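What follows is subunit A paired twice: with subunit B in the first complex and subunit C in the second.
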Partner chain A sequence: MANKAKKSGNPPTDYERIFHPQRLAIIGVSAEASGAGFGTGIFKSITAMAFAGEILPVNPKGGSIDGLNIFKSVEEIPGEIDFAIIAVAARFVPDVLDACRKKGAAGAEIISSGFSELGTDEGKELERRIKEIAAKGIRVVGPNCFGIYCPASGLTLLPGPDLSRESGPVAFIAQSGGMSIDFAHAGKWMGVRFSKMVSFGNGADLRETDLLRYFKDDPETRVISMYIEGIQNGDSFFKEIKTTASKKPVIVYKGGLSRAGARTVASHTASMGGSGTIWRSILKQANAVQVHDTEELAQTSLAFALLPPKTFSGISVIGGGGAIGVTACDTAEAYDIEIPPLADDLQARIYDYLPKPGSSAINPVDVANPFVPPQYLKEVLLAAAEDKRIELQIIVSLLYHYKSIAKTFNKTVAEITPYKELARVIREVADKTGKPVIAVLPNAKRGVDDLDIIEMIALTKKEYVDYGIPVFDELHDAIRTVAHVNTYYGGKNHE
Partner chain B sequence: MNKDRAVKIIHEAMRRGHKTLSEYESKQVLAAYDIPVTKEILLKDKNHLEKAVAKIGYPLVMKGCSPEIAHKTEKGLIHVDIRNIKEAKKAFNEIMAGLKGVDGGVLVQEMIKGRRELVMGMTRDAQFGPCVMFGLGGIFTEILKDISFRRAPLKKRNALDMMKEIRGHKILDAVRGMEAADKIILADMLINVGRIGMEIPEVSEIDLNPVIIYKSKPVVVDALIVLEKA
Partner chain C sequence: MANKAKKSGNPPTDYERIFHPQRLAIIGVSAEASGAGFGTGIFKSITAMAFAGEILPVNPKGGSIDGLNIFKSVEEIPGEIDFAIIAVAARFVPDVLDACRKKGAAGAEIISSGFSELGTDEGKELERRIKEIAAKGIRVVGPNCFGIYCPASGLTLLPGPDLSRESGPVAFIAQSGGMSIDFAHAGKWMGVRFSKMVSFGNGADLRETDLLRYFKDDPETRVISMYIEGIQNGDSFFKEIKTTASKKPVIVYKGGLSRAGARTVASHTASMGGSGTIWRSILKQANAVQVHDTEELAQTSLAFALLPPKTFSGISVIGGGGAIGVTACDTAEAYDIEIPPLADDLQARIYDYLPKPGSSAINPVDVANPFVPPQYLKEVLLAAAEDKRIELQIIVSLLYHYKSIAKTFNKTVAEITPYKELARVIREVADKTGKPVIAVLPNAKRGVDDLDIIEMIALTKKEYVDYGIPVFDELHDAIRTVAHVNTYYGGKNHE
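Then we have the complex of A and B:
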């Protein structure tokens, strides 16, 4: 209903004013010393993020906050507003929303709860009124959500005062606010940079399909990630995700796939076509990438953001660790990726740089010893990249071993580990050869005795991330993300 | 494609209060959608047996046929590899006795020889509507669950992807002296199963099991169409 009304009467949604508002009203901000609700929380978060536009706090009691005058009503705000964040009690929300609409707001996010999620008649009625008002020409995110995060403008999720202001290519869509805030925080240290993130809660108006349609054409978004619990309309969702995935990668973590229960069916086909099976097929048919947990979602987003848009059928794996070669080959084979033995002359060249005995230059290249200097590793990577069959390289560094020699040199682990040089070398090789290099930093020592190692690894990751090098904890994660990239671009070219 | 003919069969069955189509009716619906099915004749009268047998030719299969029976094998209602009129008459008598007054008849059917059995089907997903299934058929369907689905309508490419996707996809190739299965016909069959789902809302589920590959050609040997509860 809401959508129909929009199609017939209202102008197209002005997403620019929603994600990058110049004038932002926050309704439900309490004056200083009169307690701190969600409204004040989001006000403080947005201020801490150094939001780029003008903030217009509203509360019927008036007063001031952080030196800003609090308007007693939306109507009292002079001039138009672009966007509103609504954090008042549920029963006041419809009137406030309508006031925002009359003030010219292109959209509003409602972070208040107390709507259809309660299952009460009152809650459902309030949500119905929200839909009604939305249909008159204001787009609504929520209710019962954590809202929008947009690093470029400084809009942030509900408890998100310290999210990154650095923009990137990844958009994220989810009903779940908790999932959104987790991913926003994880992205910061993992190196996933976001264009926009929307947690839409009950999804009274804007939902998965509308947002897909928007991100499909959003020039700030190259990769779309989403967490889905339920969808509203299978047909329009399928069509939208299919067209979107034909333009840019769409990564989907579908929750709630456990066996759907009680439907009684007579045929074998129906009994085998449970919701999990059908979702898997639907996503395949749309050439969307299906992942199975939040970690895989983040890793896959990172890979799509940083790797060039192509498939990688042959890779090299270079690094240390006894079983690394076997693990690499087993994993790669499972994902249909080849680790071909390098050409003989290249093997000979590589062997010159490796400690002896115990090393191997075949591919996987076993460097045998975790202390091979970055400059040597650079030569190894450069040589391996000369093999035509190698399209991508993975370097596995067991940096935690540096702790064993730190004491001898009277230095901390972070001081003795040449991670800065390593990051620089990896970047140089990737740039020079045009073949991407993925870094893997396994850490077997994560207990309280080794907090210094954990710190060093975190610093290393930050260095890599700053250089735009995809970095993972485990080799398996790295290979799996390459497989996802292959599946997507393989399927796309097949179109 | 003859949708009207298919719908007519379905409405007639619904009018009689049936919740499923008999094998014979199911195959007529499939045939209306250009899906290759076994050559067969439905009989109630033993006097017509000889004529029917002559038309189908030996060896043949005889089955009890009624919308009210689902699991024919377990009830002794299938007789295979019938090679002469004596065997045919015996089978007819046994099947009629087995039907025990259930409204139905005897299906005289050509026997399709082939070692490769596939399954196709259609189910309606609550979210995504009609979805088509492809997989290994016969007794392996439920044991191995080596199946794939696509949402209808299907393009040829979707149908070919479904075939590639099952673990046992190599049985469609030329293996062990068998010809490669005709994937174009298989693809058309899948597309048309999807079309039934799209065009006839009264059909809630379809099972084609087995679809046997004879030389290179797939033929639907048994079929079940489940109707929407009116």
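Then we have the complex of A and C:
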């Protein structure tokens, strides 16, 4: 890698100061009531996140914001800075970056755009200068990015004042800022908790390979999730992803595999795509997990974060409505997962707890209606777990049907639905049996007449997430994540 | 078909009296305050739907419900009945059915379970008797089903008091009651409007082939959507689906293609599955559209209902965030749809309306941020439509970002988001250009902190649905439905 060679004389990157800066300069923050650009936006976001360190806003016009003095230049800041967020017009970026370097910053993120992604000579020249300065000893995230999100320190992405401050095991790397912010938001309600997230945009300096190398050894990171548009150096990336995937799961969504997609990648983040066949083969060789859209990326990250590190060849599916069982079987078989009929004695025990007629205790277990009490479902789950072939359980709850009985009891749907008890028994069963339970919460009622159901489902999901139960909207998605986990831990390339 | 031969002496089925009964008997309705079974449930659902005809409740114990006298037997009802809903214990069903036949009913739906799906001799014998009675001249839907939903008459499925009374072009056929009720509910907020829906459960009499034949010639039905677990007579089904698909689109989700799935089908609705390869080939030969899950079924039904009957080989994608464009290209290419770069002059016109830098006018058009005013987006859509290669447009709006600016303006997210104007301009563009516009409304914020966003998105969706704009949650799904439309209208087997 060109950058690495150039950097050989520099000290190793101080990622600690980048992700957990004590003194953070934000350049391009406007004083109160003088308009609001990206710099002010990121300042307000970081303030809203209750960032732990000292914030040092900078703007040539000076003034103040939220009671903080705005320095007129980086040079004016007394003492060293650890990290800088640069949000000034592209043409000013190189000088500001160099000033940050001289102030001792370990790194800077440049959220400004107007560089090589424009395809203009001017844009390319500005980006070349950024690389030159980076090579002198400051690591750069960006330009044309949404920056870093680190729940532990409170660094957040460009429009991210409301991201979670709860840390977790998933690191996320992407060029695309939009993808990153969406993933961060989705993670919040889906239950994916992040160690760190880096949206590196054009990737003038820090890119996929450097970040993989860092996260490989980062003790706060157990799962690495990536959205890749293009990469700069295929050989070193392949080497790095292979080494990394031997230590922890790496999940990759590679965009821009089509011809038109590759063209769009070029205008989006100024990098090169690659063919689908090559990528499939590279990722397979590396034992990285390939996914095909952002939802699958988030779901798979959740599964790797919450499931124990092993394969699950046999599963049970407990749910209401026979068609769910049919879907379960079709999906499981497509992913090479067994849904074995339970042992006869267990079937008999389970059948005792189910409404009749209309139920089936075979596996999938059809609980016939959505109102089976959580305590009965607990017994069903406990019994099914006794079958040695069952290594993981999935419970599908059609809770939206509770609305139909809420009126009868003169309660709201959130009051009538025993979601708290359900979450508790699921957690109890998983702990007691040592076999993970995945929850599925489909919702067929999502219109303006059913906002109360949507709220109840959101509350339920939060309850599950708080208990560390993996929860998905659709059964198919749940089974697919298990398949990904199987592929990774069934592969040979991991410790 | 066995039934057909047996029925040869009977008059043709009077579907009019089945779907739009004037006089409807419901057998198994309990008097007030004496407990509530399925019969009472369906009675209350049909009342809630403001069913247009006369309801005649029946229960040997008599009494009254909602001011209606409960007849002690079917025989006691004065005059003829058109249709009956039977919800009594399985062992009483044959006699009740025969009584309905003698009362002149054209048909009956049996929502009771406890028949061949149990696999017991008694269950099978009871179902054999149902067939015998049906063959004497009453058409039977069920047993073990959720019945018929017909928005025009107000007949509704078992737990369906809140389905839409708005009729539309989509007929739905399924064995599974759970699948049917979910599809009916999802259709309500997704914008799928139904002509008729039949959940036929065990299918002792009326089944997929008869219903296909009926819907083929039903003037109220333009699109037929099916969930099939098993079929009874492959030859006649194949013949019928081929003829039907030559007249109108038939969309099929075949469940139970796996070995385990086939086993589950057997216990769910007592019918036979079949191999995936055979089904794929049969459906392809018939030019029926095969889909692979319920969401895809609903989405594809929506597209066929709202898009003009033609193929769309070139599309534009307008949206915010470059990664959306990459996803668009990858997905489109996988489905053999072109996203051609727009003509230079159109690109220049479009670029004038976009924020800079960060936007791209090529196609996909990257609008850079989610706050581009609807009037500008209208100009963008109008310009893109002038390119002859563009036959359909997709607009992706990341409206959830409006929450971040709502506070600044001291408004709620629903107040600040210009969703009404957006819906109006989309409709205007589609009408003016003659090129359909599909809307995509992703939502990355779906947690308990963002219920206001969920509500705003639901309101937006309703606005789009009211304007007849096809709207989806995810871009991938939108493109896939276009691919299905292309497959059908590009196929040779349609008029």
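Methods note: the second predicted complex is superposed on the first by the 469 of 495 C-alpha atoms of A that agree within 3 Å, B and C clash if a C-alpha of one lies under 4 Å from a C-alpha of the other, contacts with A are read in each partner's own complex, and residues count from 1 in each chain.
Keep in mind that, in the parts below, a residue touches a chain if its C-beta (ideal position, glycine included) is under 8 Å from a C-beta of that chain, and two chains touch if they have at least 3 such contacts.
Bear in mind the structure is a predicted one, so any value in this text is a computation, not a measurement.
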| item | value |
| --- | --- |
| Subunit B versus subunit C as contact partner of A:277, first or second or both or neither | first |
| First, second, both or neither for A:320, with subunit B first and subunit C second | second |
| Touched partner set for A:348, first subunit B, second subunit C, both or neither | neither |
| Subunit B versus subunit C as contact partner of A:114, first or second or both or neither | second |
| Which superposed partner A:293 touches (first subunit B, second subunit C, both, neither) | second |
| First (subunit B), second (subunit C), both or neither touched by A:235 | first |
| Which of subunit B and subunit C A:285 touches, first, second, both or neither | first |
| Dominant toucher of subunit A (residue count), subunit B or subunit C | C |
| Subunit C-contacting residues of subunit A that also contact subunit B | 265, 267-269 |
| Touching residues (chain side subunit A, partner subunit B) in the complex | 231, 234-235, 237-238, 265-270, 272-273, 275, 277-278, 280-282, 284-285, 494 |
| For the subunit C and subunit A complex, residues of the former touching the latter | 90, 113-114, 118, 144, 159, 161-162, 174, 176-179, 181-183, 185-186, 188-189, 227, 229, 255-265, 267-269, 293-295, 320-330, 332-334, 338-339, 341, 357-358, 360, 362, 364, 366, 398, 400-401, 404, 442, 444-451, 454-455, 458-459, 461-462, 474, 476 |
| Residues of subunit B touching subunit A in the complex | 19-20, 70, 119, 121-129, 131, 133, 135, 141-142, 145, 147-151, 157-158, 161, 165, 204-207, 209, 224, 226 |
